[in-house]
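Structure first, then comments.
Labels run A, B, C and D following the written order; every chain starts at residue 1.
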Amino acid sequence: MKIGCIGLGNMGAAIAANVLHARHEVAVWNRSAEKARSLIDAGATLAANPRAAASDREIVMTMLADDAALESVLSGADGLLAGLRPGALHISMSTISVATAERIAASHGARGQHFLCAPVFGRPDAAAAAKLFIVAAGAAADLQKASPLFGSISQRVFYVGETPSAANLVKLCGNFMIASMLETFSEAYATLRKAGVDPHLFLETMNALFASPVYANYGKIIADETFQPAGFALRLGLKDMRLVLETAQECTAPMPLASHLRDRFLSAVAQGQGELDWSSVARISARAAGL
Amino acid sequence: MKIGCIGLGNMGAAIAANVLHARHEVAVWNRSAEKARSLIDAGATLAANPRAAASDREIVMTMLADDAALESVLSGADGLLAGLRPGALHISMSTISVATAERIAASHGARGQHFLCAPVFGRPDAAAAAKLFIVAAGAAADLQKASPLFGSISQRVFYVGETPSAANLVKLCGNFMIASMLETFSEAYATLRKAGVDPHLFLETMNALFASPVYANYGKIIADETFQPAGFALRLGLKDMRLVLETAQECTAPMPLASHLRDRFLSAVAQGQGELDWSSVARISARAAGL
Amino acid sequence: MKIGCIGLGNMGAAIAANVLHARHEVAVWNRSAEKARSLIDAGATLAANPRAAASDREIVMTMLADDAALESVLSGADGLLAGLRPGALHISMSTISVATAERIAASHGARGQHFLCAPVFGRPDAAAAAKLFIVAAGAAADLQKASPLFGSISQRVFYVGETPSAANLVKLCGNFMIASMLETFSEAYATLRKAGVDPHLFLETMNALFASPVYANYGKIIADETFQPAGFALRLGLKDMRLVLETAQECTAPMPLASHLRDRFLSAVAQGQGELDWSSVARISARAAGL
Amino acid sequence: MKIGCIGLGNMGAAIAANVLHARHEVAVWNRSAEKARSLIDAGATLAANPRAAASDREIVMTMLADDAALESVLSGADGLLAGLRPGALHISMSTISVATAERIAASHGARGQHFLCAPVFGRPDAAAAAKLFIVAAGAAADLQKASPLFGSISQRVFYVGETPSAANLVKLCGNFMIASMLETFSEAYATLRKAGVDPHLFLETMNALFASPVYANYGKIIADETFQPAGFALRLGLKDMRLVLETAQECTAPMPLASHLRDRFLSAVAQGQGELDWSSVARISARAAGL
């Protein structure tokens, strides 16, 4: 298929490489063109702007840092909305807010363009290994059209219904689940350390109890305090807690634990940890305990 | 070996049955004797009081509801402390506070009695299936002496050091990890339900993401709202949050997420949920969202 | 002076009446015109739209429910921005967000129009009695121009600097201080009642200790549970907690207590208390205690 | 009257001096005798132990740092319980827990001794100026007997009922009200400072709004960051939040704001602020905002 890939950060570039590897014809665009170099060497063509990256494509995938970046790529004379043919499909893989997803769905609908939300779980190494989990929502026919593409970048797809924005809510709640686990480890470790118990001993027990690779992975990162390089930057974790709280507020559902996580991440950003891995939120609990 | 088993609630009775099944000679005691009946039918002898249950035993295991129940079993003329021979071993399997564990360790030490703390992870069905996880702390020689016993009731033993009370802290922090997961599911589900997304769809994604039987189990209980019969009563969850906060305070380590969990469980008890499963804390988030 | 008054809710109508009473020439506009009747009877003229209410005025005061209402009044062909002469002054008395105030300041600046933010403290009875406190920010010359007007509606004006939006931040933080007091009373009363101590006895002590009419007033409302009619609707309190948290987030300053208050108000709205007085947040603490 | 005064810290010594000044016959005792010197110079007699300080007295007042200190003074062969005559009155002015007050009431009752709880509001300068507020509970006849004494040390007495421990709950809830105000100022100031608004400007508005000397006093201390010398040490504030939460838990009433304050004070103690004034909790919010 003729595919457009817009947004070539750590995640977007790895996804585009796998799409290319599956022998699709790929046009790429990124705000700073240099990130496209290795993809072009591997056979992709460089588009001059988002419109060009979309103009003759069946499917355009976007993977951008936040709502504002996606909206900027969509709008204007050189934007994706202007370039995408009626009947063609935009797959948004970024973690964006429910409200933004709803706005974009309406914009595409008004132009006869199709739209799937398909945010992903997985860090850049999972993206490179085509081991992502995709949470997808939108018209069933669009999901079917996207299936071969999804097959080349993920290990499994979860379909959560016909309303595209529902995928974003599921993704945001999933990040809330992970963030909560990070904070829980952080507080437990701080107390254990002050009581003279090695967090690694505790982690060994938790690995038996929860038997979860996510616990094993993050539990070790926090016990070892290896917060660089960031698999997922803390400032993005803050953004996601903000987005989940926004949606919860629109639904009139209080999430006090999410509020706590938001405040912890905000405190970490204020103390200069925005570019560290989000698991470095552990430093807040450690400092609060005088460690 | 000649073993004493004191405390025959859901957990204690299942453990005693497995010890008996491993062909040890077992004396049992429980505050209300009727709970001992099936064990006696299976070959155990009924002791008249804790002192008698301990008097000629190599090892006495206790599994009681809380610190006060354990201290009551230990003290007095008919108590365990009075009955246990010097050199014999008391294994405390209850989830008790660090401070109580330290006091009991001192009492045993003064009498030349040995003491292991060995609280367990696992619900009654895991106890019945001899699939518990044991967190043990105390003298290495005592652990070795307890090994055959532990082998007949658990799937794995974690040794966390020579200070008995450390096992209780690890256990309490583990329960804090689980309780945090319960609350996280609760808040996510409340928002998802108000947004019109079925929690079961979300859970399916989380099961792929976390790949943890604990998430799968509790995530389903909360989505299905099957809070009875209680695998672990909510009032005991409240007790454990209280104990972890007490220890954290003694160590001068704030645990704001544990404070939040304590307040949620307390609210649930105030609204009559003390005997439901602790996962019924989800009702608090649901009600707060007007569900 | 020729004055325009836009927004005639409980607060806006009382303010407009006092301006009229001070013998200014007053044009009024409100979304539903019937609220203007008594002012027209008292000598005001009814404008057809916000543009008309502003077109030949020296000063236009706006008092609207929220940011969206103010922005709607400002924009469009019939809006205040289109009607106000260069050199004329808009005084925004609503409690709006810092970001909105900054946007409006820029819009006025681009048209050579002047702008003061002047949100007020005081409930409708204080507005009627010309006993408001005004927090004002903007150019000193504009403040001077507004002084006679402020004198006819308030007991005191606080000038907090040249940046209009600073007044909104001070106002929002002030509402945060009051909301915090409401929640503090709520939690204390719940515990006292469960312990069998009459909250009125406690309040008497607090009145001696704090010697504050705000404590006396709200402490009594909460003890008596007289939450209707609302002096300040709970849904507006929720809005203000949301706005203070938004600004705090833009400044990278966590406010966990404000997060807690936001969640409590949100919970109260979810349970149908949006139109009750914001002091009815006390019901959340009462219910959580099983009262 | 023949009065005993036990506990001569900042508060206790000032109270004893005023009792002496009212021409009562005063015996004093303190753990470190040197603190009694100026009182002895002024006419008090030094007792050898608490029993002696109580043995021929009509009323004995105690003002000690915490529950443990009071219980240690009461118990043993040289203790207050052993020395006080049947019919004589013990007035406990310390801020202690409800549970401890109930235990002490029972101990006195069993010996035919009378007991009032009468904790006070006021910092050491108010104690010196005989301007304390006293919250008293116990038998009405005992209150009457204590009245002349209370008149010589306080500006007003609040009687909250016949159960002595109720006075402690009122006092603890009052300290919760003050602590909440400290935290509220702290969070507001941190945001204002990051937004470039001087906290003193904000405080001026709050002083008009709340018109409370408590706000004026603490608002200025926090804006000026003058946390030494401590009027009330932060570690004692932590103790009081712990006690109010203990009582709330016994009553099954969650107090999430009190939990938050407890965690903030605990964090402050962990960072070495235990002997600073409790208003120094503001440093936690400032640091969390990167100030």
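Everything below uses one rule, namely that a residue touches a chain if its C-beta (ideal position, glycine included) is under 8 Å from a C-beta of that chain, and two chains touch if they have at least 3 such contacts.
Note that the structure is a prediction, hence the values are computed from the model and not measured.
Novice: Which contact partners do chain A and chain B have in common?
Specialist: Both-contact set = C, D.
Novice: Name whichever of B-C and B-D has more C-beta pairs touching across its two chains.
Specialist: The comparison resolves to B-D.
Novice: For chain B and chain D, what's the span in angstrom between their mean Cα positions?
Specialist: 39
Novice: Can you compute the centre-to-centre distance for chain B and chain C, using the mean CA position of each chain? Integer Å is fine.
Specialist: Inter-chain centre distance comes to 53 Å.
Novice: Can you list the residues of chain A that touch 2 or more other chains?
Specialist: Those would be 252-256, 260, 263, 267, 270, 288-290.
Novice: Any idea which chain D residues touch chain C in the complex?
Specialist: These residues of chain D touch chain C: 98, 121, 133, 135, 156, 158, 160-161, 163, 166, 169-170, 173-174, 176-178, 180-181, 183-185, 187-188, 190-192, 194-197, 201-202, 204-206, 208-215, 244, 247-248, 251-258, 260, 285, 288-290.
Novice: Residue numbers of chain A touching chain D in their complex, please.
Specialist: 256, 263, 267, 270-272, 284, 287-290
Novice: Help me check something: in the complex, which residues belonging to chain D touch chain B?
Specialist: The contact residues of chain D facing chain B are 242, 249, 252-256, 259-260, 262-264, 266-267, 269-270.
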